[in-house]
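Note that the chains take the letters A, B, C and D in the order they are written out, and that residue 1 is the start of every chain.
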Amino acid sequence: MKKKSRFLQTPIEPFLVEPGLTADELLSRMERISFQGRNLATAYRIWQKMLADDVTIFLGMAGALSAGGLRLVVANLIATRKVDCLVSTGANLYHDLHETRGRHHYVGSAHADDAALASERVDRVYDTYASEEEFIENDEWIAEFAATLEARPYTSREFLYLLGQHLWDTTGEDGILTAAYRANVPIFCPAISDSSIGMGLSQARQKRTGTGVIDTIGDIVESANIVIRRPRTASVVLGGGTPKNFINQASVQAEFYCSDVTGHRYALQIVTDVPHFGGASGSSLEEAQSWGKLGKDSARISVQADATIALPLLASALAHVDERQLAKRRKPEFMLAGRTMSIDGQAVSNERFVEEVNESAV
Amino acid sequence: MKKKSRFLQTPIEPFLVEPGLTADELLSRMERISFQGRNLATAYRIWQKMLADDVTIFLGMAGALSAGGLRLVVANLIATRKVDCLVSTGANLYHDLHETRGRHHYVGSAHADDAALASERVDRVYDTYASEEEFIENDEWIAEFAATLEARPYTSREFLYLLGQHLWDTTGEDGILTAAYRANVPIFCPAISDSSIGMGLSQARQKRTGTGVIDTIGDIVESANIVIRRPRTASVVLGGGTPKNFINQASVQAEFYCSDVTGHRYALQIVTDVPHFGGASGSSLEEAQSWGKLGKDSARISVQADATIALPLLASALAHVDERQLAKRRKPEFMLAGRTMSIDGQAVSNERFVEEVNESAV
Amino acid sequence: MKKKSRFLQTPIEPFLVEPGLTADELLSRMERISFQGRNLATAYRIWQKMLADDVTIFLGMAGALSAGGLRLVVANLIATRKVDCLVSTGANLYHDLHETRGRHHYVGSAHADDAALASERVDRVYDTYASEEEFIENDEWIAEFAATLEARPYTSREFLYLLGQHLWDTTGEDGILTAAYRANVPIFCPAISDSSIGMGLSQARQKRTGTGVIDTIGDIVESANIVIRRPRTASVVLGGGTPKNFINQASVQAEFYCSDVTGHRYALQIVTDVPHFGGASGSSLEEAQSWGKLGKDSARISVQADATIALPLLASALAHVDERQLAKRRKPEFMLAGRTMSIDGQAVSNERFVEEVNESAV
Amino acid sequence: MKKKSRFLQTPIEPFLVEPGLTADELLSRMERISFQGRNLATAYRIWQKMLADDVTIFLGMAGALSAGGLRLVVANLIATRKVDCLVSTGANLYHDLHETRGRHHYVGSAHADDAALASERVDRVYDTYASEEEFIENDEWIAEFAATLEARPYTSREFLYLLGQHLWDTTGEDGILTAAYRANVPIFCPAISDSSIGMGLSQARQKRTGTGVIDTIGDIVESANIVIRRPRTASVVLGGGTPKNFINQASVQAEFYCSDVTGHRYALQIVTDVPHFGGASGSSLEEAQSWGKLGKDSARISVQADATIALPLLASALAHVDERQLAKRRKPEFMLAGRTMSIDGQAVSNERFVEEVNESAV
């Protein structure tokens, strides 16, 4: 009998339907099918590996995930420390705040009459609605809170920590901001000025001069210093956008000051954008390797799927990860109160990149 | 307190992660989130309604679903009669036959060196490989079988029934073709000449003159007559392509001869194509309504997702549908042996459209 | 000074805006930009090379190009013999016939009220409308014509030649079918049963028994024999679908019987589908190489763009190709009247693959 | 004769190929075809209307347009004042600066070996390469420049004006930053901390404490005040991302303080993202209407196309717009030097929203 080609070694195993399959069983049965189904199963396996390894897991989120019903999935990932640091668009944090404050988004139609919606002051996000008046009231709430803070620059990380604290103190409700506050998980929002949180901050200035100042360049320093302090990292990206690049940039910027940094050890992205138009959101993880954003032997997978399908399945499967295993994770410990945060007891400046790491490590 | 806008009635319910969630629980929790997650949950609900109603369910499949590990999902839908009539590309039937005959597709890489694959005669379907020699041997097997048949035209439906029978007789293995044969579910393949099954048929002519003849126009007559005989229909489409249009065409063509036909009562599609380039694969179900392909009050949903993610989840959830309920389904009963098939005991011609239906219905 | 990396040799040349740039100047200035703009410029260059080489150029067209205003672009490519053989979906030929017969498609809206359209019997193709009654009258016209033909099987190629002839005789109008008839360019329609032309053919049976029979498997034999007779080929694909695969299949099937056939020398596709869901429409030309559909050193380019933008630009640029150069082209000469067509004076059977080519070539 | 449906009034006019067609003739012939071709022709018509009307034209650019060879197209639109205010990602400005400083991006391959690229320190953007060392040298150049500035917060607008000035003074070369500097066109970069310009700024801190501070919330105030000062606006968006939302946000935020603001009068977007995943980049202009981002009777068009194909064609056609007509445009006159910019002689604060407009207008 003829020898099989070296390329023909692992047979596809057709998915077998059965009643009662749980999320992790579903994904296990998808490991040897093809296309994006296989990729999602691989993403599950890689995330499990991250959790078993000693890495700081960054989660980037873009797209209307909070308005779209996934905020408690992200909150769950934070609370169970399946992620260590969140980088988000402002909109996702804002829509999270909206619901944490007891408001809602609403089931709507993608084929709405937008003139009719506008006349009732209803804002549409594809098939989902929200009240413009409630949004305006949120902006005001944020502005009032921001105006109470000492008039000085804040990194988005510091401001969002304070916002999460205030939100928890006033509502006691679960959400992304409150979960991150309680779990001491830092949140960065590099494009905060392109969001309603930014709008709230800008309105704080109207209330009290000198308030509402975000030191967005400080975020770069701080995020890179997190990587310098703990060079082994992983990147999980939902939807591309500024969070995807910001996470990679932290690694690249850190490497500039610290040769121990050699790119993410693990990279996983769930995106709907495609590479062939050249935009960063859809760029491949292979491309990221050319920039040194990913380590040479990094495990990586790109899943082309809407997060509203992929993430509920993936996070539900991850809920099967043993709690004792999670407890054993050597995860980074952050202290987020105050102007200068710390990681594992070491200060993380937002004013200067750490250059003395090797000495301090001695 | 101010009255809520009529547009703000049903709150989004954020997905709650929990260990042990089964496929149908996952989809139930996705009913009130947004975007494609909600659409997939709606697809599940609509399919359940189809099963509870008295409709002939057409399933169209395009894209490399069989090579990609979903052939036993489709076989399961056929065997449990969650679909009544299959319309498929030739490739999906061919790749099914390949595995039913004991060959495999293989886990490969989307970043392969295609010149290296070509030199080892390995064919690539995105991230999945197959042996060209085994494919050639399949073609030959099909050609030999086709050459044994009486030299006359066959509708694709009749030929595929005979092929399924032969496959079952020689292998006794599960698959799409064998499941359809055993469950008396007709299969149409409108673009059979654009596939390796067609190639096998063309090679039959080399063996024996006059064989390998498919009466593809007869398929139009036959499929329309199925609808005329039983005008209440539903359409489930995976991936667009010729099956999508063929199923709609059966309805439109039937309506031409029988005013009882008024378009599908239910329509569900899982596609990755988009509407805005004008192609049929990505066309919306709203557009289908303008053509009369869908009934006025039809329940319909379009899910933008890769079937390799959406279908395992959806079919696993459908496995929860009660067997007693399925048993009560008033599904069409087909007799597929011979040149002229029948539905519920009534002949279904492939030579003439039925025009006397009202009389015969009396 | 440090040596430049071997990867950094050809600088991007930013596109320079100027008034009065013609289509070919536009594309020339896009040669050294990036992404799909560069790819379109490369497609232009490759098409020019095809025309200068001695190859049979196949053109595949899928998607609603005819309804969408591109039928006279395709007719122009045929009339100027920038393509030698057309493979099309039925819809594109049908919508071409519709306009050649003096009817129209109409500028509409993608945001139409489809129920209102349905009630006025207006059919929508994304942002384009047509009259259902006129369509029904077309079907009838096709059926009447088909019913006048001798009651025997026809390859789609033979039938479409006769249809083009009849259309030209009765209208004298320009279009795809009439241009192909007049230029002796064969047209194949592998999925003819999935189109309104197929519906017209099926209705011919109602008028006269035994008419409306298409030998779709004969199309496979005929198209492969065209390649066997003249093994140097090029493939231009607009929109994927069955034409894309059928053109490749002709090459693969031909190679089975004739070792001189080694895949297309040139391949160019303008598609909107993507590779990562595994479907054939979006599959890459690299993947095609693994199947032997493309020659080892073939020039190839894939352009991700809507043909309604890319094709007017590309075909207008190609209008600059010198007529004397076109006149010198050693293009294949087809005789299409009758059951058996010929190429360069050699018969092209639809009943048997040519196996004696080397002898006959002596 | 039967009356035509009201929906069937304007026939599709098939595109006619001819040698010598210029960009504006191409687009004129695409006005009555379908799909994205028609949309691009409509975009051309709408942009012409904007230029004839009295509106402030915002241009948003995301995606790797500068690296991809379109920076001089954008520079041309700025220099000829077909746009009045630019909102950009940092990457586009950075890659512009790179080339203005005499470096290059390079023609590369999308199928590169990224490990090999990484080992030669070549960074890949899809099919385009650049030297990592040159990038690092840019960062340093930006850092040095930023460190020379007075240590105080700058809006991104003020900093980018100074950067453009410095770039012009040191190079005298054409580009986006230098064209904007010379034409007094403000540039906002809301996500500056997510870019290499941000990285350069962060490195300035290492050189001199207190430098490299961007007041990103000040950008919100400033951009909204521009709209308050001159409420008639138009939005042109290339590629979605933060610029798209930031332009809309300026309008929404302005409306909060000034009831004369009622959304953009014109909106035109060229995007590759799609609406159905809920993200802002792909969101439809209809959806924008529900938020009040667009005026009730605004002219609007969305083109689904890669900007590297659409923009060269569109900008070349716009080069035909009569210079005398452009000269007559009542365009906004900006003064950008200094901490507080002005529009038409009126101060535009970045510290407080203008609330006294009606009075000042008296």
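Operating definition for what follows: contacts are C-beta pairs under 8 Å (C-beta built on N, C-alpha and C of every residue); 3 or more make two chains touch, one makes a residue touch a chain.
Since the model is a prediction, treat every value here as computed from it, not as a measurement.
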Handout entry: Greatest separation from subunit A - chain, by CA centre
Key = C
Practice task
Calculate how many whole Å lie between the centre of subunit B and the centre of subunit C, each centre taken as the average of the chain's C-alpha atoms.
Solution key: 27
Fill in the blank from the handout: Cα centre of subunit C to Cα centre of subunit D, whole Å, reads 38
Fill in the blank from the handout: Going by residue number, subunit A touches two or more other chains at 34-36, 64, 67-68, 112, 117, 122, 125-128, 274, 276-278, 286, 304, 306, 308
Practice task
Work through the pairs of chains, note which ones touch, and then classify the graph as line, ring, star, complete or other.
Solution key: complete
Completion exercise
As the complex stands, subunit D meets subunit A at residues 62-64, 67-68, 91, 110, 112, 114-115, 117-118, 122-128, 132, 136, 153, 190-195, 198-199, 201-203, 205-206, 209, 212-217, 219-221, 224, 239, 241-242, 245-246, 249, 252-253, 256, 272-281, 283, 286-287, 289-292, 296, 306-308, 351-353
Problem - Contact set on subunit D toward subunit B in their complex - result: 34-36, 274, 276-278, 304
Problem - Residues of subunit C defined as touching subunit D within the complex - result: 4-23, 26, 29-30, 32-38, 40, 64, 67-73, 76, 99, 104-108, 111-112, 116-117, 120-122, 125-131, 133, 286, 304-306, 308-310, 312-313, 315-316, 318-320
